[in-house]
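Two complexes, one shared chain (chain A), two partners (chain B, chain C).
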Partner chain A sequence: MSLPNLLIPLMVIIPITCALFLNLLHERIRTVKVISIVVAFALPIIPLFANYGTHYFGGYAPLIQNPISADLPTLITGTALYIFHPAITYVYGSAQKLMIFILGIVGLFAIFISLYEVKKPSGVYIYLMLMGIASITAMLLSDDIFNLYVFFEIAALAQVGIVLVSKIKNNYETALKYMILGGIASPILLLGIALLLGVTGNVNITDIVYSIRNGLINPQSPVLLMACSLIIFGWLYGTGLPPFHVIKSAMYSKALPTGAALLQAFSVFSLVAFGVIIIRIFSYIPFTHVFLLAISLIAMVLGITMAITQTDFKRLIAFLAVGELGYIGAGFGLGTVFGITAGLFQAVNESIITALLFIGFGTIMYKTKETDMQKLGGMLVATPKSALFVLLAGIALAGVPPFNAFQSKLMLVQASLNSGLPEIAIIMVLMSIVTFMTFMRAFHTIYLRPKPVDLEIKNEKIPKITLVAMVIFLAICLLLGLYPHLATNFLQGLAMSIT
Partner chain B sequence: MNIYDIILKKIKDIRMETGDNKPVTNIAASSMLTAEITLISSILIAIVILRLLNKNLMIVLAVLVFVLIFMAMPIMPKLKREQNDSLTSMNFYVIIALGIIVTLFYWGNLNV
Partner chain C sequence: MIIDTQLAALFTAGALIVIGIFGALFLDNLIKKVIALAFIGDGANLFLVSLGYKAGGIVYIFLPGMAMSNFSQNASYPLPYALVLTSIVIGASTMAVMLGIIIILNKKYGSISASKILGE
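On to the complex of A and B.
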């Protein structure tokens, strides 16, 4: 096997191996730093060098690709067994390349900032971040629904861990609640997968889709419909769509800024990974699209209206992030190639912008240890550069040109109009306006109004790496805003293959 | 009493119920008012999608929901009270959502 193809599983194996190694070395600060920096650079670089293709674990390719299969009897070659996938399969295409690269960029800066913002970097914290990144990468690559579930669980535990090691008030309670709710949602997702396995006799997604489309099983089987509903319920938990939006936003707000930046990227890419599978397997059920649209609209409206009423800026950004997930889901719900491409593009954009906002607002926490907006003010004087970056990030989030979210939201609006659903387009525009208003209120309160007398601001300078990260995130936002085809060309293939 | 005063009173009532003694600021009241208008307008726009199913049903539902919303206003403080970090209420909504999803997919696809 050539090296570029070997890089497909290495995108998962390297961060997991290094994570386990770092966990053992967490007292040796220098070693932790060196290994973390090397792995952090590897995260976005490996996907750039990996070739597009398929990786079969154990080398067990489908029989049709095996030279010895020519001698097999028609008893085997004449059946679906001939084309079924016996191994866990990873599929690496252009969309996966872009999304894993973006996840790697967010991971790279989250790790760097966490290394330089604290005097004693924690090996355990980096371990959890790397485990989460590896899990989400595996979810994006995997064509095996059970393998995907395993990594879904690891990602959920890594998220709980990231919140647990963040020294923020009430973080233990929030992490515990997330685990308890996961205790309901994860077994239900697993039950859905088990039912799917029971009906189709398969866990490979391509094979399941083949079985349904070619009449090997009854598509209207009640067990299959039940599996669909249970898998969608698990998907809501993993992504933080309603009814899990409250706990998900609480998780973001109880993590350190670097952790929150990563957690939201995990949610966004989990939404994409499972969303793609739901569309691939269950798009023949018309109600699937209706449900995805409905839940996305509810997420948008609940997330953004709840954000307006928040006084804690981390919670405000967290609810806005949940609201933005609704846009991605709406793209999937529309079900057209253009709509899904727009949804995927919005996912890429949101993961960058929200990471920028969490890290940008994190500088306020760094300087004041305060997240309550009622106790903040006058921060423009203390942090002028990061204030500018945060302002631009907020403008990007609301979908103002020339930034990337403008392009993806415009595509989503166009996709809604093309699908004969102008109401969804109107709600999307309305929510963007309200997002802008909500963000400007927070920005005014924190940066522009007079500084409260009792607010203490530390004299410590914001680490340069934090500002560098913000500049690079903004540059990506601007680049994708001016040249959206740089992303959409990568994403369109996936959208076309699943519709 | 205008709608601003009603919202202000409702926020105060809910804060008293939850034991939050912070003063209600202008920003809090105007934010709640904005959220209220956003929520109501979004619901009413979303109802118009039902025109694809049945135009008469859409008109009846739009009028009905408008009346219900008007009677229940302000909705946002109540919604905020429900959307809290309490594990009990989160569990409640999670179970309700599970019930709705399973019913809609299982029963809805087989019987409609």
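On to the complex of A and C.
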């Protein structure tokens, strides 16, 4: 096996191994810092050097690719067993490359900021971040639905851990609520997977799709419809789409800014990983597209309108993030190559912009320890640079040119119009306007109105790494806004392969 | 009446899931809630493992001296068993974390009542 292909599993193995190692070393600050920095750099670099291809764990490729298969009897070579995948398979294509790279960039800066903002960095916190990143990377790579479920569960536990270590008021209560809901949703997802296994005899997604499309099983089987419903239910929980939007946004608000930046990236890429599978396996069922569109529109409207009423800025960003997830889901729901490409592009954009917003608003927490907007004001004087970056991030989130979300939202509107659904395009535009208004109200309250007399602002400077992270995120937003094909060229292949 | 083993397992799995969902939604005691959640997980695991059941089947291990035709016709499907092991481990880890959180919340509130700790 060549080195670049070996890098495919290493994208998961390195962060997991280092995470476990860091957890053991959590008292040794210097060692924790060195290892964390090295792994953090590895996160975005490995996907850049890995070659596109497939990795079979244990080396068990399908028989058709195995030299010994020439000697096998026709009893085997004449059946689907000849092409089925016996091993857990990771597939690495251009879309995975871009998404894992972006996840790596968000992870890199989340780790760096947490190392520099905290005097005694905790190995446990970095451990949780790395476990989450590794899990989501595995979900993006995996072609095995049970493997995906396993990493989905690990990611959920890592998210709970990230909230638990934040020491923010009522974080334990929120984490427990999330786990109780997960305790119902995860077995339901497992049941959906079990039904798929029962019908197709397989957990490899490519093989399941082959079985359905080539008539090996009855595609109209009600069991498949049931499996689809159960898997979609699990997907809603994992991504924080309604009815799980309230608990998911609460999770964001109970995490540290770096943790929240990562949590939203986890939600976005979980949505993509499961969304791709749902479309691949169940796209022939008309109900799937209708349901995805409906739930996405509800997420968009509920998320963004609930953001209006928030007084806690982290909660506000959290609800806006849920609303933005609706745009991604709508792209999948439209089901066309252009629509799915737009949805994937929106996923990439949202993960950067929302991370930037959480980190940007995190500077307010750093200076004041306050998240209630009604107690804040006059922060423009205290944090002028980060105020500018946050303003630009908010403009980007609302889909204002020349930033990246403008391009992806424009594509989504075009895809809706092309699909003969102008109503969806209108809702998308309206929700972008509401997002802009909601953000500007929050920005005015925190930065522009006079400083309340009792507000204490620390004299400590914001760490340079935080500002550097914000500049780099903004640069990526601007770059993808001016040259959207840099992303869409990577994403189009995946969209074409699943429709 | 003798019920088919697989059917009985599937019914039991269904019953566990329904009882578990009821308990998770309506019980106030957090420990009982966690037990109810374990019921749901166990139901899903039992459902999964019963998929691999084969009446009169043999273990999926090809022993020396075994006829290939006997093995291929009677061996049960091993994949669900492999999967369910992983699922049990995940369930145990999740439950451990939940119970850990409940211990801490019990110290804070002096109670394990869901309505008191988590609100309605």
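Methods note: the second predicted complex is superposed on the first by the 499 of 499 C-alpha atoms of A that agree within 3 Å, B and C clash if a C-alpha of one lies under 4 Å from a C-alpha of the other, contacts with A are read in each partner's own complex, and residues count from 1 in each chain.
The rule we apply is simple: a residue touches a chain if its C-beta (ideal position, glycine included) is under 8 Å from a C-beta of that chain, and two chains touch if they have at least 3 such contacts.
As the structure is a prediction and not an experimental result, all values here were calculated from the model.
When both complexes are superposed on chain A, chain B and chain C end up sitting side by side without clashing.
Put simply, if you stand at the Cα centre of chain A and look at the Cα centres of chain B and chain C, the angle between them is 80 degrees to the nearest 10. Look at A:Leu164: by the touch rule set out above, it reaches chain C but stays clear of chain B. The larger set of touched chain A residues comes from B, when the choice is between chain B and chain C. Touch criterion met: A:Ile184 reaches chain B and chain C at once. In the superposition on chain A, contact of A:Thr445 is made with chain B only, not with chain C. In the superposed model, A:Phe490 lies in contact with neither chain B nor chain C. In the superposition on chain A, contact of A:Tyr172 is made with chain C only, not with chain B. In the superposition on chain A, contact is made by A:Phe287 with chain B only, not with chain C. Legend: residue contacts after superposition of the two complexes on their common chain; A:Ala194 is shown touching chain C, with no touch to chain B. Contacts of A:Phe146 after superposition: chain C is touched, whereas chain B is not reached. No C-alpha atom of chain B lies closer than 5 Å to any C-alpha atom of chain C in the overlay. Taken together, the two complexes place residues 177, 180, 184, 188 of chain A in contact with chain B and also with chain C.
On the side of chain A, the complex with chain C involves touching residues 146, 150, 153-154, 156-157, 160-161, 164, 172-173, 175-177, 179-180, 182-184, 186-188, 190-191, 194, 197-198, 201, 203. Against chain A, the residues of chain B that register as touching in their complex are 22, 25, 27-28, 31-32, 34-35, 38-39, 41-43, 45-46, 48-49, 52, 76, 79-80, 83-85, 87, 90-91, 93-98, 101-102, 104-106, 108-110. The residues of chain C lying in touch with chain A in their complex are 17, 20-21, 24, 30, 33-34, 37, 40-41, 43-45, 47-48, 51, 77, 79-80, 83, 86-87, 90, 93-94, 97-98, 101-102, 104-105, 108, 117-118. Interface residues of chain A, counted against chain B in their complex, comprise 174, 177, 180-181, 184-185, 188, 220, 222, 225-226, 228-230, 232-233, 236, 242-247, 250, 285, 287, 291, 297, 300-302, 304-306, 308-309, 311, 374, 420-421, 423-424, 426-427, 430-431, 434, 437, 441, 445.
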